[in-house]
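Two complexes are shown next, each including chain A; its partner changes from chain B in the first to chain C in the second.
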Partner chain A sequence: MSTTQLSERLHGATRWRLPRRQLPVLVSLGLLLVMYGIGVSQYRAFSNIQVIFNVFIDNGFLLVVAVGMTFVILTGGIDLSVGSVVAMTAMVSAALLRDGLPPALVLLIALLIGPTLGFVMGCVIHFFEIQPFIVTLAGMFFARGLCTWISSSSIPITDGFWTSAAQERIRIGDNFVTVSVLITLVVVAVAAYTLAYTRLGRNVYAIGGNQQSALLMGLPVGRTRIAVYTISGLCSAIGGILLSFYTLSGAPLIAVGMELDAIAAVVIGGTLLIGGAGYVLGTVLGVLVLGVIQTLITFDGTLNSWWTKIVIGGLLFAFIVLQRLLGFRKKSFSTR
Partner chain B sequence: MGSWRRGLPAVTGHRLFWPVVVLVLLLAANVVYRPSFLAVEVKNGHLYGSLVDIVRLSAPLILVALGMTLVIATGGIDLSVGSVVAVSGAMACLHISRQPDQNNLGGVLVALAMAVGIALLLGIWNGTLVAVIGIQPIIATLILMVAGRGLAQLITSGQIITVNSDPYRMIGVGHVLTLPFAIVLALAVTLLVAVLTRRTALGMIIEAVGGNSEASRLAGIRARRIKLLVYVVSAVCAAVAGFMMTANVSSADGNAAGLWVELDAILAVVIGGTSLAGGRFYLGGTVVGALLIQTLTTSVYAMNIDPQTALLFKAMVVIAVCLIQAPAFRAKFWRRRTSAGSPAAPAGEQRKEQVAA
Partner chain C sequence: MSDTRPVLTMTAISKFFPGVRALDGVDFRLFPGEVHALMGENGAGKSTLIKVLTGVYGHDTGAITLDGQPVSFSGPMEATEAGVSTVYQEVNLCPNLSVAENIFIGRQPRRLGAVRWRDMRRRASALLARLNLDLDVGELLGNQSLAVQQMVAIARAVDVQARVLILDEPTSSLDADEVKQLMRIMRQLRDEGIAIVFVTHFLDQVYEIADRITVLRNGRLVGEYPTAELPQLALVEKMIGKELDALERLDEQAGRDLAAVETGTPVVEATDLGKAGSVEPFSLTIHRGEVVGMAGLLGSGRTEAARLFFGADRADRGRLAVDGRPVSIRGPIAAIERNIAFCSENRRTEGLVGELSVRENIILALQAARGWLRPVPRRRQDELVQRYIEALSIRPADPEMPVRNLSGGNQQKVVLARWLITEPRLLILDEPTRGIDIGAKAEIQRLVVQLSDGGMAVLFISAELEEVLRLSHKVAVMRDRQLVTELANDDSLDADRIMRVIAGGAEQKDGTRHE
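This part shows the complex of A and B:
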């Protein structure tokens, strides 16, 4: 290869690097805008700004869970336990409130259980070197089993703090959002800041890029891996609280399969499943895409709910092929 | 005594030792709870009993897990089996329910052929994504896992299709030569897979692809074709399991059929000693793993524990078996038990290997 060719290649590489890394996120954004455009052009009520707020209100807990999942997937791991942890948190809060504990204490306990389980799973993954897939699968069974152990039927929440948090409307002009939306936005902001500007965030990207290199560079691989599962557990716990605000009950079989929605949202948001590249903003876009699909199908009325699954599957396919075409691929893959 | 002592590490070190111990413990717990548990009787020339039931109910899981074993041996994973179970069961039941005479054997066979045909297509889809396009297996099959459920509901129009067909029910609850037909079918498929992989070079080729796909290609193995093949086999196994599950209840439910079966199958494979990293597979271990999971489920039912709480027990068994089998855990445990420093070096090496992998 001659020098000119080489320099051309190098030049080409530098010229293409920036868009290539952010292209999946841009594509998600484009997709979201196109779908919103379709909605607005087809249905008059769709242009109401409240439709967008409703997407946030209905998917806030999923967004929080997906943000936690983003951390785990960025390190190249996976967390299948999130849906069950969400249900367990809602269930524990409902059961403790029924027993008459003060709401502040219940909130504290509920927010501690998820991260604790995440911490334990992270430790097992790191110290015993068992695949995250298997460990979090066991975590998923454990949390779901705990739900039904607490109660096999739904427990309603009548506590004053919970009901006021659920029913409080924060007015923005003619429209409103709930308290949950604000909590969601705070979580997203904190997560985005952590990933982009803190040492922990850098470590997460480094481990996802190449775990061995990260180890050789002296980064705290073990601590970071345990941390991401703990963060995911915390996000699931917050998601569980938001879900209990949303439904005002704890049900043992709620949020079944939410881990798949969360993973789908993260992938559609442009995060690579092999780890190392992706943004919290992408995940936000991914959740919004899922939310707008559901809204579109609800507005249409003639399409059945199972079309949601088929469309999500199609989108997953499109985005994965896109990542593949952009050349993101590790030479040797593993099913970690 | 001396030979017994020498033989002990060989027995306890065998990869099936702990799964079998757990299985025996579970069976023993059942016997303590209900002494008639082990009784097997012959009624009308058919075998009946709790043990027979456990094996019969684990037949679909064994089938799915066999296909999964081959996929995992190539370093892949197939999350879509549950959806394939639902799609194939729905397809077969839909075709049978539309026939004027549901007991017509020909019509049932056409329905089965159509369902297997769809499963073949789904398997080729998975295989193409993984082998040709080169997508990570866990993601490639996730697509069908999500979309397949929708597809199954599309086929059944969101309804639960019930069929009233004796030949079809035969697959789930019929008897052949005193044994339940499902057991015979699972046994036949197990033997077929075992002979095809262990009496020919196919098994070694699959392990070679799982060990190092690129090296096996350079050695002259058509790695892509093998990968495609295992996903197709997995889908077909799942389809047959789908027939069993839907025939058992004479109805197809696009939502519930085969729910979580992919997780149970992966667990069965892992409990059986096959590593998720690929490169080795143990069919016998997989069968033991599947039996273990079904025994656990059945015991929980028999002891009047809420089926959902059974997940709690499943989680504990899974973690226990995986921990015992994990090299890192064994190394740490071993080092603590023997104060001599000798095992420390191998433990360190193992660590490096794991990180490299």
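This part shows the complex of A and C:
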């Protein structure tokens, strides 16, 4: 082989070696497969397909919330209010159902509160140029406060529509999923499509890449930023409904800290915290990784459930360092 | 060209900022199919003119027409839609998106609301092929060289049916080959009939590509010239200007005698001091009571050299000695400890804290020198501040006034007062008189003379040669990031001689031009 050929081959090799944009997602996928592999090798029952389905059943609401969080983080923002909004949505649903409102109306109201709060927070963040961290922290306290204002104790849900949605089993062969899982998958599909194929979605990436540039390129930066917080609010509301299906109650202190789980899932799914790079599919993998870790610890039986947190903490560290090592950081275009 | 009508005219444009007249009755016209260089020193009003044109700023007087129709854009987006596109010095694209997407984002081809990726990539390839660029448009923009990014930005700009393309210092971060590539594209676009406004401070590039030149100085129009009729030396002269306003003329100083001050150990001595990519190694001594002028165009490395003295940048080669003892200045704090003071040229962004009062701003450096654990007593603060407000005639003479409410000249005096209070032995002044009114200018110049007579060593950086000549004992001339020569300020030195040095090989170049 001549040197030219060799260098050409080397050149070709470097061109193909790094699918950098997808690399973090591939790492997440690898991690998930390793976790699952460990489970299968340790416990015979782990290979049952229902284990996977259960991960979806137990974490559907988290996945929906994390999908909304993905939009926000892709713009370089953060939304700390999601856990409280989930709880508030569940609380409002439970309280209104207890008061005898028709389920359809309850659904509508519950699904409007979250996006409204998100819209308001987005407007505050954009028009007053306040850090998303602070604004959504305020939103978090506000929504959590509303929960306890509605009721300081748990409200059970006995409505027929809710109980049937909770208990309906959709059979797939010998196994089953719940209605919630189907809703979750629809949300994931719509979100993935939005990010990849709509101008809104592409503007989200552009803003995360360089907000100043996005502005100078004439993109609707303000509208898009407000939209992502509204979307996150809507996802939290859907997550809240799913959670109320799951627990058949509304409790003021449920889903405390869920915003952190959602952020963890998004980051472990390969989305950059500084924004601009990431996929909904990655977030799905991130939630699955968290779910499989929980399942592993449940299967073990001797480990304290807090081990989930310890492992998640370790993984988060690893992923943030990985992002840094891969050289994902804001490229500065500074002159000189 | 005389038979075509200008595609764009700007007539009698004025723009005022609080305390500053940024543009004063400036005319500008642009013909289709020409490259028109917009020249001027920093603060001459180039950027303001462009921002007025593209609607970033409004204008206070004057009119703009595009194709004979009066226009007034509300912002860059509207200007772009009307065919006036700008490519900024810093690439304003998204590094995390592909080349194709950067060209088309915001106006992607769609069907039923869905972005048609394949169509977009095909059109991007075609567009870049038109500019003779062979790129994988699916690659991330961030993986491309700066030059390619710059060209992608141009591709984005011209795809919107641009008729006027503004290139704001596009070449300042490119290497020679990349500049060539960019020039080729500029020529091609010009031949397609696009009018290009080219803002740069590289004279060679202007003479290589520009058809006409408009020169601004201090917010005023100096003139519009065909490139072929304006030798490089004349251009530099017009950019720098020769203001000999009676108001700012100082009494001719008898004491500007180099031999008298160059005695004893220099206060600072730089030997082969340099920093890769910033300023080439240079040697310079500054003695007690000596004013060393530093002349050169914008971007010639003047500020960069001064920053090495102050430790704001760290030299990666050479030595620096203070009072004959070698020192390593690791940062501004070390410099302040050695009584070196630095008045930055960007007083708004680097020097002053706008929200703090005059008093607080003045005390800042003294406090830093003492360390934060030993606060300056309030009474002493008031005493010192009052003294300097009087000495420098800072107006309004109110120590508690927030600094941002002061005019440019008075802000500059506050910066000066801050450093004078620390009683520096070397005072570095980077363009201390730029953008301030003539009265304040004269006061600051007088002060520099006084200080040096009192024994202070001063490094005085200015683009205004008259001012440098008036104040300095010797003049160090910078060109292309090199200290090219050091001239004693004796009777034989005049602005023309310095200008010739600044312009460099200008004379020969004019001889070989065949136009």
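The rule is simple: the second predicted complex is superposed on the first by the 313 of 336 C-alpha atoms of A that agree within 3 Å, B and C clash if a C-alpha of one lies under 4 Å from a C-alpha of the other, contacts with A are read in each partner's own complex, and residues count from 1 in each chain.
In the analysis below, a contact is a pair of C-beta atoms (placed from the backbone, for glycine too) under 8 Å apart; a residue touches a chain by one contact, two chains touch by 3 or more.
Just so we're clear, the structure is a prediction, and the values are computed from it rather than from any experiment.
Touched residues of chain A were counted for both chain B and chain C, and B has more of them.
Once the two complexes are overlaid on the shared chain, A:Q212 sits against chain B and chain C alike.
In the superposed model, A:R199 lies in contact with chain C only, and not with chain B.
In the superposed model, A:M88 makes contact with neither chain B nor chain C.
Contacts of A:A255 after superposition: neither chain B nor chain C is touched. Shared-chain residue A:V267: touches chain B; no touch with chain C. Once the two complexes are overlaid on the shared chain, A:A277 sits against chain C while remaining clear of chain B.
In the superposition on chain A, A:A227 makes contact with neither chain B nor chain C. Within the superposed three-chain model, A:I155 lies out of touch with both chain B and chain C [touch as defined at top]. In the superposition on chain A, A:T308 makes contact with chain B only, not with chain C. Taken together, the two complexes place residues 212, 333-335 of chain A in contact with chain B and also with chain C. Listing the residues of chain A that touch chain C in their complex gives 20-21, 193, 196-199, 202-203, 205-206, 208-210, 212-214, 216-219, 276-277, 330-331, 333-336. Partner chain A is touched in their complex by these residues of chain B: 75-77, 129, 133-140, 142-151, 153-154, 158, 214, 254, 263, 266-267, 270, 276-278, 306, 308-316, 318-319, 322-323, 326-329, 332, 351, 354-357.
Every residue of chain A that touches chain B in the complex is listed here, in rising order: 78, 124, 127-131, 133-135, 137-142, 144-149, 152, 211-212, 215, 252-253, 260, 263-264, 267, 273-274, 304-310, 312-314, 316-317, 320-321, 324, 329, 332-335.
Taken together, the chain C residues at the contact with chain A in this complex read 76-77, 80, 88-97, 101, 105-106, 108, 110, 113-115, 140, 142, 146, 149, 156, 172-173, 277-278.
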